[in-house]
Each structure stands twice: as C-alpha cells, then as structure tokens.
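Just passing along the structure, written as structure tokens.
First chain written, first letter: the chains are A, B, C and D, and each begins at residue 1.
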Amino acid sequence: MIRVAINGYGTIGKRVADAVAAQPDMKVVGVSKTKPSHEAFVAKSRGYPLYIADLSKKAAFEKAGLPVAGSVDDMLKAADIVVDATPGGVGEKNRPLYEKAGVKAIWQGGEEHEVAGFSFNSDCNYREAIGKQFARVVSCNTTGLCRIINAMDKAYGVEKVRAVMVRRGGDPADIKRGPIDAIVLNPVHIPSHHGPDVQSVLPHINIVTLAMIVPVTMMHMHVVQMDLKTAASREDVLGIMEKHPRMGLVRKAAGITSTAELKEYAMDMGRPRSDLWENGIFEESVSCIGKELYLFQAIHQEADVVVENIDCIRAMTGIEKDPAKSIAMTNKAMKFVAIK
Amino acid sequence: MIRVAINGYGTIGKRVADAVAAQPDMKVVGVSKTKPSHEAFVAKSRGYPLYIADLSKKAAFEKAGLPVAGSVDDMLKAADIVVDATPGGVGEKNRPLYEKAGVKAIWQGGEEHEVAGFSFNSDCNYREAIGKQFARVVSCNTTGLCRIINAMDKAYGVEKVRAVMVRRGGDPADIKRGPIDAIVLNPVHIPSHHGPDVQSVLPHINIVTLAMIVPVTMMHMHVVQMDLKTAASREDVLGIMEKHPRMGLVRKAAGITSTAELKEYAMDMGRPRSDLWENGIFEESVSCIGKELYLFQAIHQEADVVVENIDCIRAMTGIEKDPAKSIAMTNKAMKFVAIK
Amino acid sequence: MIRVAINGYGTIGKRVADAVAAQPDMKVVGVSKTKPSHEAFVAKSRGYPLYIADLSKKAAFEKAGLPVAGSVDDMLKAADIVVDATPGGVGEKNRPLYEKAGVKAIWQGGEEHEVAGFSFNSDCNYREAIGKQFARVVSCNTTGLCRIINAMDKAYGVEKVRAVMVRRGGDPADIKRGPIDAIVLNPVHIPSHHGPDVQSVLPHINIVTLAMIVPVTMMHMHVVQMDLKTAASREDVLGIMEKHPRMGLVRKAAGITSTAELKEYAMDMGRPRSDLWENGIFEESVSCIGKELYLFQAIHQEADVVVENIDCIRAMTGIEKDPAKSIAMTNKAMKFVAIK
Amino acid sequence: MIRVAINGYGTIGKRVADAVAAQPDMKVVGVSKTKPSHEAFVAKSRGYPLYIADLSKKAAFEKAGLPVAGSVDDMLKAADIVVDATPGGVGEKNRPLYEKAGVKAIWQGGEEHEVAGFSFNSDCNYREAIGKQFARVVSCNTTGLCRIINAMDKAYGVEKVRAVMVRRGGDPADIKRGPIDAIVLNPVHIPSHHGPDVQSVLPHINIVTLAMIVPVTMMHMHVVQMDLKTAASREDVLGIMEKHPRMGLVRKAAGITSTAELKEYAMDMGRPRSDLWENGIFEESVSCIGKELYLFQAIHQEADVVVENIDCIRAMTGIEKDPAKSIAMTNKAMKFVAIK
C-alpha cells in the first residue's frame, strides 16, 4: 500500500484524497488545511487524519471540534509520496520541505514546469515518470488538450493545432472571483500559455492557443482545430474516442448542448461531486473537413486531473509500469462508467 | 408496498423517483417523459419503466435506445398514487386523467391550491391529508417558510411575519432562463403570492412577503423576520432548530457565507445531487431583538419538497398515520444526516 | 431629405432612429411600437411620431400619456424607406405591407437572406445596393466579420477564415434570456450559420465558423484566424486597421482586457448609449505567424449595424453613390471619434 | 469659483469631476491617477490636469501620451477642497496630506465615520456641514436609505425601519470581483453595518438592516419597510416622492420591473453614463398597510453620491447656506430631469 499525503485539502486535494482512498493499492495517510473550514469537517467525516501547516492554530481547530494529528512535517514523515494541491505558486515554496523529508512529490499545473522538471500526462508519458522523485501533473486545460492531441497524433499525425479555451471564472464555491458580466481576454496577447504547456508534455506539437474567461463556474469549453497529416474519416475519429479510457462522447441523442446540462447528467448518473474525469467531447461537433478536424470539448476543471494524479503516483512509485493497466485500475476503482 | 408513478421525470420528478425507490414501503412503477433526453437515459440506468405521453413518439425513443413501457394511461393503471411533477400549469390539465384512472394524485406548488383543494406540509397538516384522494405539496419557498413559521408559532406564537425571498433565476441546467445581469422584482407589487400560499397551509398566520429574482442557479435565500407573541432567547430558538428533522443549522465554524459554499458542503458530504432537503438556516444570523426574530435561510429549490412528497404519499395512502414517524422514516431512508 | 420610418422601436430601432435624426440628409417620420413601454416614452421625449401596429390599443397608449399618430400603414405612407427592426422572424411577415405601400425596405440580420434577396455591408457591396427596393443589413456578428475579412482580402488575399464567436446571452435589458451559469454551444454542429452568412455578402470567401453563448450582456467576442495568400507584417495590418473608418484599435496602453472595460471606455468617452459602432480590435492580440493572422475583436451587438443601416439608406435611395463618402458622412454626423 | 481637486479618478471620482465641471460656481483643478489606464485618457480628453501620486511613474504616463501636471501634493496646492475618491481604506491614509496642505477634504462612504468625524447627506444635515474642514459623504446605500427615511420621518415620524439590501457584486468594469453564481450573505450576522451608518447621519432612527451580495453589476435593490408613527395614505406618500428632488418614481406604465430595464431607461433618456442620481422607487411597490410602509428602491451605486458630493462642497465652503438652493443648483446644472 502506497502511503499518500495530500498537502492542501481544497478543490483538487479533496478529490485526490477520495480517489486515493478508492484505489486498492494506496491509502490516505493525511490531509492538510491552513484554517478550519467546511472542508476540514469533510476530512473529519471521511476519517482522514488532519494536519495543519501552522501548529499555533491547533487550538482554533480543536475548538471547532476538529482534532489535529500534527504538523505538515509530521504528515510527510508518514508518507511515501505527497500530492501538493496548494494554491498556484505556493507549491513551489514547499519543495524544500519535500526534499528535506525525502518524499516523492507531485505538483499541480498551477506551478511552473520547472518546479519538478517533468510534466506528466497518463496517455503521453507515463513510462518516463517511472521512478522519478518529482513530477507535475499539467493543468486541467493542458490535460484535456494533451489527451485529444496525442490520440490524433498517434492515429493520423498532427501538423498543427489551433485551440481556443473559453474558461470558467472561478470554481463553484469560489465566491470572490469574477467576472460577473464580461468576457475577459486572458491573456490579450497570442498565444496563451497553454500551447507551450502542451509542449512541456508533447514537445514536437505545433500549437497556437488563445484563451478567455467568462462568468461561469462549471467547466471550460475548448474549440479544437487540427490540421492532420493524413485525412481522417469522422467515423474513425469517433471510434478512437469511444475506445479511449479518458474520453466521453456526449451523444446527440441525449440533447445536451451546454456545460450545465452535461454537469447535470454527470450528477444524475451518480458521479461523486458530479465529476467529469474525461474529456466531454460533443459527438455532433466532431467534423472532418479535408485534412482538418474540428470539435468542441468540455473540460471539468475540478476533476480531469484527479485521475492523472493517481496514475502519476503509480508511475513514480513504480508499483505499476504499464500505463494502460494503471489507467484501467484507476478508472475501475472510481466506477468510471463513460458518459456514452 | 405502495406503487408510485411519477408523471414528469424532470428536476423534481427524478428526485422524487429516487426518494421513493429508497423507501422501504413504496416503489416506483413508472416514470414519464415527453421526449428523449438525457433524463430518459438516467431513468433507464435506474431501471425505472419509461412511459410516454404521446405513443406516436415511441419510435423516436426506441431509436435512441430507450425502451418504452407504454402510455401514461398504462402507467396510471399500474399505480396506487401518481406524483405529478410536470411543468407548472400542465399538472392541472392532467386532473381528468387521474380522476378517470381512479388513482390518488399529488401535484406540486407550480399549480394553484384549487387543483387539489388541499395544500400539504409535513410539519403543519400531515394528519389532515390522511385518506385524501388529491393533494398539492406547496412550493419550495412556501415549504421553507411553513417549516420555520410553524415551529416558531408552536413555541412562541407568531404575531406577524415579514419575509423577503431572493430567488434563483433558473435551475442549474435550465439554460434558457435569465436574468444574466439584473435584479428582477417578481412581482413589483407587494405582497408576492408566497404570503397567501403560506396561508393555504397555515390560514391564521399574518404574513407579508416580497420577492425578487437574481442571476443564480442554486438555492433561494430567505430573509425572515417575525414578531413573536412571547419573547424568545436565541439559545432556545437554536435548540428548536437543532431538534427539528427538516432544519439544518449552517454553523459559523464551517465558515459558510453563501449558497454556493453551502451547496459545495452538501456535495462534499456525499448528498445525492448535492441536495439540501432541509432549511439551511445560518446559525450566526439567528437574532432575537426584543420580541423580534431575524434569520437568513437557504432553500434548495430542487430538493426541499422531495421529502414532503414522500410524507404526503404515506399520509394520503394511510400507510402511516403519525407524521413524526413518517418524517423519521423518510429521512432515515435517504440517509439524511443533518448539515450540523 | 429622405423620409425614414422605423418599424420596431427596440434595441436596434431606437438606435437607428437617433442615427437617422443625426444625419443632414434624412429625417425620422415615425417609429412604431406594439405596446406602451419605457421605449415609447423615450420616442415621445425625442419627438418621434409614434405609430402602432394594432389601432385597438390606441386607448392604452393614450391612457399612459403617449399620443398615437396612426397605424403602421399610415407611417409607411409618410416614408420613402422603412427600416424594419422588428424581432427576428417577424420582419419577413411585414414584406407584403411594404410591397403594398410601395416603400423601400431594409431588414436586419435576424431575417434570412431571402427576405430581401440582397445582403448588405457598407465596406463590401455598397454600390450593388444602389437603387434596390429591398435589402437586408447582415447581423452584428456577420457585419464585424465582413469588415475585417474584406479589408484583409483586399490587402493580402484570404485563403481561409476560421472564426469562433463567443456570444452574449441577451441584451442588457433582456431579463428573460439566459444562460445564467453555462457555456451553450449554439449550435453544437460545425459550422455555425455565420460562415454561410458572410458568404451572402462575400461569396468567394472560404470560411468555417463556430459559435457559443455565454452569460454576458455586453458584446460578442470573436477569435478570428485567417490564412492569408501573401504574408503580412503586423505593422502593416495595424496600419490598415488604423485607417479603416469602422475599426477601432483597443490600445494596449489603455489597459483594457475585456468587453466590460471596453464598454466603460465608450461610456466615459461620451458615446451615446456607450455604443461601439466599430469593430473593437485588441491591438495587442494582432499576431502574424507566417501567413497566418490571429486577432480578438469585440463586436457590440446593439450598435455595429446601426451605421450600416444609415449607409444602406443612402445607397438604396441613390442620394449618395460613393460608399466612402456615405461612410464618412455617417460617421461625422454621429461624432464618431475612434477608440484609438 | 471653488477650486476642486479629485484625488482618485475612478468610478466615483470621474463622475464627481464631470459634475463639478458642470456647475456654475466650481471648477476642476486636477484629478489624480496612480497608473496609466483608460480613465487617464478620459481625463485627458476632458482637459482635466492629470496629477500622479508617485512621480517616479511620470515617464510611464508620458510614454503612453499622458502629460503629467505634477504630484498629488502639487494638486492640493492648487485646490480649495479635495474630494477623496480613492479606494475604501486608502482615503484614511491621505488625511495627514490634506491637513498639511490646509485644504478642506471630503471622503466617501468606504471610509469610517471617524476619518472626518462628520457624515453628510444633503437632505438631512446640510446646514451642519457649513464651514467644516472635513466631511464624509455616506455610501451609496446609506445615502439612499437616509433620503427615504428622513422624508418619511419628517412627514409621519418613523418608529422603526427594517431594510434588506441586495447588493451588486462589482461595478460593471470591475472584472475581478464575483460572485458568479452565488448569493453571499455580507455579513451573515444581523444587523449589517448599514443601520449604524444611517445613524451616523440620523442618530435617532431605530433601524435594523440586512445585506447580501448577488451577481449583478448594476444597482443595489433595497427592500424598505417602516413602522410609521402616524398612518399614511399611499397617495400622500407618492406625492412626497414626486416632489422630492432626489427621488424618482419608476412608473408602472413604463413596464420596468428590474434594475437592468431601469438602467436602459436612464441610458435612453441620455443621462451621462446612464447615471441614476436619485432613488429609483418602484411606484407599484409603494404599499401602506396599517401604519406600515413597504417599498422597493433601486440605488445606482456609482451615481447617487455624486450629487451629494457637490452639495457637500457648497456647504463646507459656505458658498451657499441653503440646502434647497444647493440641491436645485446641482440638479439643474446636471440637467437632472426626473425619471417620472
């Protein structure tokens, strides 16, 4: 059993913890919080030992009815590997802690590639991660792009990718962030950072990305256009998507035309937290025009990297060397039934 | 086993179906849809027989991979009681169908009181419902108001209620409805219909309500102010709320200040569909000033009436004559652990 | 003086009326409303004679203090040309009225090309409109696309256009329309209707468009990518934009990154109704990569077609045969000072 | 001519500057910015001398084409009075500057009462401001409350006020602030700070206020309920509102039911920046039930304090000692035609 600590029990951290707990070959040895909040009560209800960064706050936690197991340093001692899910930019500062404790560490895409020197995606470079001490799971958007680009590249060769990311403003419970009534270019300049980030995983891909932020809380929407090296038929492309363990085809018959309806469907199907771990590709949008491929895909910002973190744990610890087997095991443990 | 049909498998209907299926003394004999949609696939995955209003659409359903069990008339024949969860105003037109089929029927709050001649709330008038053929479960807002008003009336006597309802614009997956960037008075005149609707259950209560709509999808927020007949202490009021089976105290320690964080908490606690069946009363807001009581309560528009429908089924069929026992049974079957 | 009637005094109609009134060579002979509303009071305050479709409502208007000048038929008798700004789909039904009255008529982009058999854009085909009885000014999105595509086509030749339209959900005062918290693919299939609509004006252009709707009320945002026939330098492209009478460069120095800040700027500059009649092209986004051009442009859905309607009136009536002179006259009368 | 400086040329500052410039007895001697932005270009276009807090940024301004007149200290030397419209909390830190420069100063409601020791409202305490060195114009919400409460108190006596403020999340161009899809209690506890803030102007008023924030950018909505000492008739109350120079009755005939439609009306009427300087009271909502008064009023957060600042300048400088005359002069200069 791999002993996993989660440093930062927030939007991503709480999902990674539950995903770890669901796996047969790993367990949660602790999660950390910086202050008492509703999520600390959730950790308690799940039975995850609660560690805190600043022990001087121990009394505040305990007054709220939240037992404290120790400091983050204590948590690291109990772990083989730590998943750092602290807010973007904070993770980098934690690296010396992890080095000192001698634990393996995984950061999220809010950190730069350089924090780990290696950027991970289950489909693209699982085998390269085997045995590494440090890795970074790329962001939700980059993960979604890597999956579809890599799949098409293997099948047809990809000459060029142009992608537009229409991003959510904040997560559902993030009440501080806007915008309320604006489309924000983020950034105004072209390309956005997503293209180079894809190249941290797939260095040979020629890609230009543009990004904007809109007032929604649920899911990003990607417009993906690729110039393929070989012409593809729509049927073959759909076939590849159907077989892919981390792609879900949003069928025309279901009448789903939006992120909101897609989230409702995931909720109705009983997914924990209505999570969409896979790329939500709109079947009807998949279009092959000459050597060009066009499609819309929804990317659930809170969820798609969760399963990647699990695979990354297996690769880094070397417990499973075959990416297909890890992906299958992760999916099975989470009762991942495709939205198909 | 009471045989329950759900006519209208949408936002409320799908929740009532799952709640019925969770009870030990009733079962779902069928649900109805007017067209294939993602919810029809959900019904199929749950194993609920799918009936359709217009049999000429049978081929369209079956082409989409959705077997059709028969017409709505067929469904009614298989049922002891039907829960009508069709869109507001449609339910009224179904009454002749139910009369003809000789089934008991429950309508939702989108219909007028007159559709059934009796308006139901588990806390307030369960015993009056025993043996009735027709009943109407009052709307989400009215249900939330009835619970808190009745509890305070029994304890202290209520001289006057003033309530402001800040309502959600549309349900999460309802992509057609706005507003996008406006506060809409709905209605402009005072009082709104909610006051008279409360009086359809609690005729002796003196109440003035005002309502507006804002661009959110999750939960209504009520400002409730009551002039009590006897002064109350804050501690006693909180005590009543803690003991009430359909009230949840949103604790200050959890740091929740909004509908969005409250929904996240319900989601994290594993509630199906993140549903909040109880009034979400913000502990810190509960204030006693002289003989006045003030508080904020969040009302989950998709959920709070679901448990009331279950109790109403038990009352109308006479299978359980004690409201407290029905409420406890309903809550237990849904693994209702208070947000406390 | 050309006598202009505006049939439908709403979002577009009220702007066209004010634009007509500002021109030296035309005047407003009447505007029409179907019911008393705040806009009818605005028409009254502007001194525009108010006509109504259904004379049986005359009493209701007059009771509200709104004198009625006559029926829509009466209005048409007083006009040389009518601008039909009724809701999409209604305009088509008015065609027999205009034929019978023998007036020239302009429809908006909410109608199909076939309603007039000729689709207009000031830049692209002004001369073809000279003397026509019927024309259709293309929609706000198509107008914005035609301007930029035509300008680049004349300078460099356009091989292919790929454009993504991120559209507003409803106009600012349209409180019924959503979505509230969703990205809606509209349509899910590719291409959207915008590509063919551009071809109704520029038939030789090879274009693929995709469109989605987001919860904002102010402006659409276009991602425009073109494969040019000849490589262009960024400086030259910016130079063309600077000189174009209907393009505005949103300068990097102004720090504007969103539709909301751009609208605030138009407001602060004293533009009537904060209107942006030009394409709002984000200077910093304009990128030339090989033979490819990328840019973001904001399109104010309520405004950009207003100036096109004025030019179309001049072309159809033949009062001015030179497009450049009409465009300059329109702009000057509106005190159009570029956002530059 | 009173020489007025505006420290902080943002949402409020730019409106105060234009309002000052429109008055016959005062003029703008300078405005300040901390960084080049679109508003600095607006100041330049208006001909307002531009001062900057940090002279080391002078080169950055001038590179952007924005001439710098000097430092904030220089600006203060040229002024008789400064209107501090810096962000909430910053204004307090500027007090020593104003003391040292020996200028009179007005702060906004984002600062505490203590910053000036005197809180101002034109209707309530104009005469007390005469000759003062420092004053604070209360916030938009408090201004709106003071107007209506004072008017009713003078006419009928006010026993008790209960008010609910449904507040906008951010100003239209404030793209950072949320919420996107939440109702946020701000604060959760009761009362909010607005009640005590009203008492800083009207100390004898018994008032309880509650506040929440919703995802809109335009206007707050107040639910105001008052227990009057003497019963009032609806007609008399409406009559008082009609005559009040800073109240606007939103007439039922205009069909306006929301903040968005009201803003559209102000825009259509040609108000600069669509500003609503008056309380927008919904005629149809005004209800007298026994000795109780209920109403909805819209408060334009960017605008209603602007006219109060102008009056406050006249009072403090002593140039006009009669509040009614100042209010009339302010309104007339701004071509204030009531929304009536």
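By our rule, contacts are C-beta pairs under 8 Å (C-beta built on N, C-alpha and C of every residue); 3 or more make two chains touch, one makes a residue touch a chain.
Computed from a predicted structure; not experimentally measured.
Where touching is counted per the definition, the chains common to chain B and chain C are A, D.
Any chain touching chain C that also touches chain D appears here: A, B. The distance from the centre of chain A to the centre of chain D, each centre being the mean of the chain's C-alpha atoms, comes to 46 Å.
Taking each chain's centre as the mean of its C-alpha atoms, chain A lies 36 Å from chain B. Distance between chain centres (mean CA atoms), chain A to chain C: 42 Å.
Counting partner chains per residue, chain A shows two or more touched chains at residues 172-175, 179-182, 184, 215-217, 257-258, 260-261. Residues 162, 164, 166, 179, 181-191, 208, 210, 212, 214-219, 221, 223, 225, 252, 257-261, 282, 284-285, 287, 289, 292, 294-296, 298 of chain D are the ones that touch chain B when the two sit in their complex.
Here chain D touches chain C in the complex through residues 14, 35-39, 41-42, 45, 64-65, 172-175, 180-181, 217, 253-258, 260-261, 263-265, 267-270, 272-274, going by the rule given at the top.
Touching chain C in their complex are the following residues of chain B: 169-170, 172-182, 184, 215-217.
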